[in-house]
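These are the structures, in C-alpha cells.
Presented sequentially are two complexes of chain A, the first with chain B as partner and the second with chain C.
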Partner chain A sequence: MDLVESYREDLRFARKPLTWLLLGALLAALLALPGYADSSWLVRASVICLYAIGIMGQNILIGYTGQISFGQAGFLAIGAYSFAHLKTLGVPFLLALGAAGLAAGLAGVLVGFPSLRLKGPYLAIATLGFGVAVYQIFANWELLSGGRSGLPVPKLQPAFGLSREVYVYYIYLGLLVVSTVVTYNLISSYVGRAFVAIRDSDIAAEVMGVNLTRYKLLAFAISSFYTGVHGGLFAQFLGHLEPQTFNIAESLTLFVAVIVGGLASVEGSILGAVFVILVPTFFSASRWLVPVLYGLTILVILVFQPLGLAGLWIKTRLYFQLWPFR
Partner chain B sequence: MGGFLEVTDLSLSFGGIKALAGVGVQIAEGETLAVIGPNGSGKTSLFNCITGIYRPAAGGITFKGESLLGLSPDAVTQRGVARTFQNLRLFLNMSVLDNLMVGRHLHFKKNLLHAMLRLRGEEVRHRRRCEEIIEFLNLEPYRKSRVADCPFGVQKKIELGRALATEPKLLLLDEPVSGLTAEEKEEVSYWIHEVRGRFGITILLVEHDLRVASRLASRMVALDHGVKIAEGTPAEVQRHPEVIRAYLGE
Partner chain C sequence: MARFLQYALTGLSAGSLYALVALGIVLIYRSTRVLNFAHGDVATLGTFVAFALVSQGYSFSVAFAVAVLVGAALSVAFYFGVLIPAQRQGANLLGQVILTLGLALVFQGLIVYQWGAEPDRLPFPLSDSKTWKLGPVFISELSLGTLAAGLVGSVLLYLLVQKTRLGLAMRATSENLQAAQTLGIPTRMVLSVSWAIASVLGVVAGVFLAAALFLDPFFMLDPFLKGFAAAVLGGLNSLPGAIVGGLILGVAESLTGGFLTIHFKNTLAFVIIIVVLLVRPEGLLGHEFKERV
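Right after this comes the complex of A and B.
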C-alpha cells in the first residue's frame, strides 16, 4: 500500500524508498565515473554537466513559463566574459561564477521587458535580436573581448591531489546536482506554479492574483542566471574565449536541447544536454551532418514524442508501474 | 453612497462598436445580482472592465469605496474580487489541486529562498484551505488529475473552486451553468447558493439560462447593445417589453 499520511509527506522531494535508492545509485555511479572512464569521457561528462545547467535554466523560461527565447547565446556570452574578466582580476572561482550569473540575470530582466508586450513568435524574434546584438558587441569591442587573440581565462588549480580533469568534473557535477535540486524545489513551489499558470493561460493567471510583470521578469532573471553560470563554467572549461563561440548557432543548439530533452522537464534538460554533446561527438568525422540531425530530430520529436526524451522516460516508467497488466 | 460595488456610466468601445454605453450597476453587500442579455450585449465586457482586463473609456468602478479603475487584474483580485470565465480558462496542464493553489497565490507569504530550499510551511497551510474547497465541491476523486483530462462539468466546478480559493468578497460568475446537463445545472446552482450562505460572498452573475438566473438572483439587470434596458426583480425584468424585444425581436 502506498498511503500519503500528511500534506508535508506529499511535498517531499522523493517519497518512496525505491526512488531514493535509484537516485543514490545514479549519484554513486556518477561519482565513481573517474574510476572507469578515460579522460576524454570525463571531459565530455563535465561539458554535459555545464550544458545541463544552462538548458535547465532555458527550460524554466521556455518549458515552464512558455516564453520563447532565441537569445540564449547572448546571456551565455555575458556570463562567460564577466567570469573571464573577474577571474583575470583574481576573483575566486565560485564568486566569479555567481557574479557571472548575476550579470546575465540582470541582462535577462532587461530582455524580459519586451515579453510583457510580445508573445510567441514575436518574442522569439525580439530575443533573437538581443542575441545578435550581444554577439556583435563582443565581436567588435576589443576591450571586452580581448581583440583578435581572444581572452585567456586562468585555469582552475586542482586540489585534494586530484588530476585537473577529475577535479573539474567533480566541481561541475556538484554544481549540476545543486542546480537540479534547486530547480525541482523552485518549480514545485508557488513560483513554479505561477510560471506554469502564465504559460497555460496568462489572463487567468493574472485574474488569480499572479503579477504578470513580476513573474515574467523573474522567469527571465532566473533563466538567464542559470545561463550566465553555464557561460562562466564554459569559459573556465574552454580556457580561452572568442566571440565566435556565442553566435546564433549556439542559441539554436540550446533550443534544440530543450525540445529534444523535453519541454517543462528538469530531467529532460539533462537528457537534452547529453544529446547535444554526444551527437557532435559521434559524428565528429562528418560535422556537416550535425545540424541536419538536429533538424531531423526536432521534426521526429515534435511529431511522435512531443514531450521529448523525458516523455519517453515517463512512458517507460508507466509501463513498469502497470506491469504485468498490459 | 455606501454601495458595495458601484459601476457608474461605464463606456467601452472597440473601434466603431460600442460594447458598453453608459452602463450603471449597483450591488449591495450579500446580494446576488444577475446580468442577462442576448449575445454581444456587453455582459462579459462589463466583467472584463470590473476585473481590470479591459480599460473602460469612461465611467467609474468603485469597490468598497475604492476605485478599481486603472488597476491590473491581479491588483483587483487582491482587493477581493474573483471571477470565472465563460469559456473556461483553467491551467489545463496542472493538477486540480495546483489550480486551486494558484488561487491561493496572493495569500502566500512569498520567499524565494524558502521556495528554493523546499521549506514548505506556507505550502501546507494553503493546502489545508484548498482541501476544504475540494471537499466542499466534491472534487476529491480528481485532486491529482490533470485538468485537461477532467470532464467539462468538473472543469466548471474547478473554476468555481479556483475563484473561491482567492477568498473573494465579490464573486463574478460568467455563465456558470452554460453547456451543462440539466442535472449538473441543478448541482451548480445548489453550490452557488451554498457559496452565498457558507462564505457570505456577494455574487454578480451573468447567465443565459433565465430559469437558473431568476432562481439564484434577488435582482436582475438586462443589457442590450451595451445599454441597460431593464432593472428590477427577476419577474419584472423578464416581463419588461424592452427585454422581450431584445430577445425575440419586434
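Right after this comes the complex of A and C.
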C-alpha cells in the first residue's frame, strides 16, 4: 500500500527503490542516446531539452501559481538577445546563460507588477500585449536585433573530444536535469506551496499569511528566468537570431505545451516539450496540420483529460498498481 | 490642421472596425466571462468563405450573407459542441478560454490548408481609390463604407440589446445566470445567440478589413489584438465602452503614425493595454467584478 506516514516522506523525490531504479535507467538511456541515435534525433533531443526548461518555467507560472501568461515569447526574446549580445562580447557560455535568465527575470518582475492588480483574462491580455510589444520593439529597433540580416551567435566550441552535436546534447540534457531537480524542490518547498495557495484562491492565501506581492512577483521572476535560459539556449542552438522567431505563435506553442503536458506537473512539462517538438517534425510535409493537431489535442485534453499527458500517465500507473481491481 | 483632421478621419474609419471586433469580444465576455481567442479566426474563415464564393462567380451580397451565416453557425456549433460538454465536465474559466484558443488553432490550420498562405485580393464593391473631398479632408469610398458599417453594426446591436425581448434576456443572462435560469429564460439559447451575433460582427469587420488589406490566413491577427486592446480600453464588460475604445484606439494610432513614428504605430495598442490595465483595470466605461472567497 502506498502510505505516507510523515511530511518528510511526502517530500521525498522518489519514494520507492523501484522508482529510483526506473529513473536511473531513464537517465542512462538518455546518456547513451548518442550511441544509438543518429544526429537528427540527437538535435531533436537537444531542442526538446531546451524547450522543456522553458515550459517548466511557464508551468510554474500557469500551472502552479495560476497566473496566465501569453507573452512568453517576449521573455524568450529578451533572454535570447541578451545571450547573443553577451556571447558576441566574449562572455563565457554559462555566465551569458545566467545573465540571459536574469535579464528575462527582471522583465518578469516588471510584467509581474500588473499581475498584482489583474486577474484571469485581464492578466492574459496584459501579458499578450507585453509579448507583442517586445516582438515589435525587437523587429523595429535594428541596434538590438542586428537589423535585416539578423544577429549571429558565436558557436559553442566542443570539448572533451566530442562532436559538436553530442557536446551540445550533453550540456542541454545536464541543464534539463538540473532544472528538473530544482523545480521539484522548489514546488515542494514553502515557496511552491505558497504558489499553489495563490492559484487556488489568492484572497484565502493572503488571509493565511502568504505575502501576495512577494510571491506573485517571485513566480513571475522564476518563471521568466527559466524562459530566459530557454531563450539563451535557443539562441545558441539556432546560431542566428531574427525577431520573427519570437512572434505570438511561439508564445502559443509554449502555452499549448503546458496544457498538453499537464498543468502543475514537472514531468508533464517535459512531455509537453516532446509533443510540441515531435508533432511538427512528423508532419513537416503538411504544415497546416500542425495547428489543427495542437488545437484538437487541446480540445480533447480539456474535455476528457484535464491533467494532460501527465494525468494520462498517472492513470496508467494507477491502473497497473491496482490491477486486477479497478 | 487639415493634416490632423485627415489623420483623425482615417483613424475613425479604422477605429470603427476595431470597435466591431471589440463589440464581439465584449458581447461574449460579459455574458460568459470567456475571452474568445477564436474571434479573429472565425472572422478570417468567414471572410475566406466570402472570397471563395465571389471567385466562383456569386454576387458580392450573396457571398457576404453566406459568410456571415457561416461565421455564426461555426460559433454556435462550437458553443454547443465543445463549450457545453466541457462545462459539463467541470471546465473552469481558464479551461474555456483555452478551448477557444484550441479552436483558433484548428481554424488557422484549416484555412491554410484550404486557401494556402499566399495573400489574395478580395473583390469588393467599394473602391479604395475613389475619393471625395469633405471640406479640408479627403475620404475614400471604402473608408466611408467602413465608417457606415461600424455605425450601422453598433446601432443595430444597441437596438437589439436595449429594445427587444431577446436583448432583455441577454442582459439578464449576463447579469446573473442562475437568476435568469430561475426566471425561465432559456439561457443556453440566449448565450448561443450571443456567440452567433459576436461572430457576425467579427465577419463583417473581417470582410471590410480584407478590402483594405490583403487577404491571407493571418490578416485578422493584428486587428483582432487591437480589438482586444479597444475592449480593454473601454472596459471588457461594457458594450458602449467597446465602441469608444475602438474609436479612441483607431484615432490615437493614426495620429501616432502620422505625427510621431510609423515604426511604433502598431506597438501603441499594446502600450495602451498595459497602461490602462495598470491605472484603471476596469476600463473607461466598465465596472469591476467583486469577488468573494
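General observations
Heads up, the rule we're going with is that the second predicted complex is superposed on the first by the 316 of 326 C-alpha atoms of A that agree within 3 Å, B and C clash if a C-alpha of one lies under 4 Å from a C-alpha of the other, contacts with A are read in each partner's own complex, and residues count from 1 in each chain.
Everything that follows uses one rule, which is that contacts are C-beta pairs under 8 Å (C-beta built on N, C-alpha and C of every residue); 3 or more make two chains touch, one makes a residue touch a chain.
Values in this document were obtained by computation on a predicted structure and should not be read as measured data.
By the touch criterion stated above, A:37 is placed in contact with neither chain B nor chain C. Within the superposed three-chain arrangement, the count of touched residues of chain A is higher for C, of the candidates chain B and chain C. By the document's definition of touching, neither partner reaches A:314: not chain B, not chain C.
After overlaying the two complexes on the shared chain, residue contacts for A:91 are found with neither chain B nor chain C.
Contacts of A:162 after superposition on the shared chain: neither chain B nor chain C is touched.
Look at A:109: by the touch rule set out above, it reaches neither chain B nor chain C.
Once chain A of one complex is fitted onto chain A of the other, the partner contacts of A:292 are limited to chain C, with no touch recorded for chain B. In the superposed model, A:125 lies in contact with chain C only, and not with chain B. Of the two partner chains placed by the overlay, only chain C lies in contact with A:133; chain B stays clear of it.
When the shared chain is aligned, chain C comes close enough to touch A:255, but chain B does not. Shared contact residues of chain A, touching chain B in one structure and chain C in the other: 201, 203-204, 207. The touching residues of chain A, counted against chain C in their complex, run 66, 68, 113-114, 117-122, 124-126, 128-130, 132-133, 136-137, 140, 201, 203-204, 207, 248, 252, 255-256, 259, 286-299, 302-304, 306.
By the touch criterion given at the top, residues 51, 53, 72-74, 76-78, 82-83, 85, 89-94, 98, 101-103, 105-106, 108, 110, 112, 114-118, 120, 122-124, 127-128, 131, 162, 166 of chain B touch chain A in their complex. Partner chain B is touched in their complex by these residues of chain A: 7-8, 10-11, 13, 182, 185-186, 188-194, 196-197, 199-201, 203-212, 264.
Of all residues in chain C, those touching chain A in their complex are 29, 33, 35, 82, 85-86, 89, 91, 93-95, 97-99, 101-110, 112-113, 221, 225, 228-229, 232, 236, 263-264, 266-267, 269-271, 273-274, 277-278, 281, 291-293.
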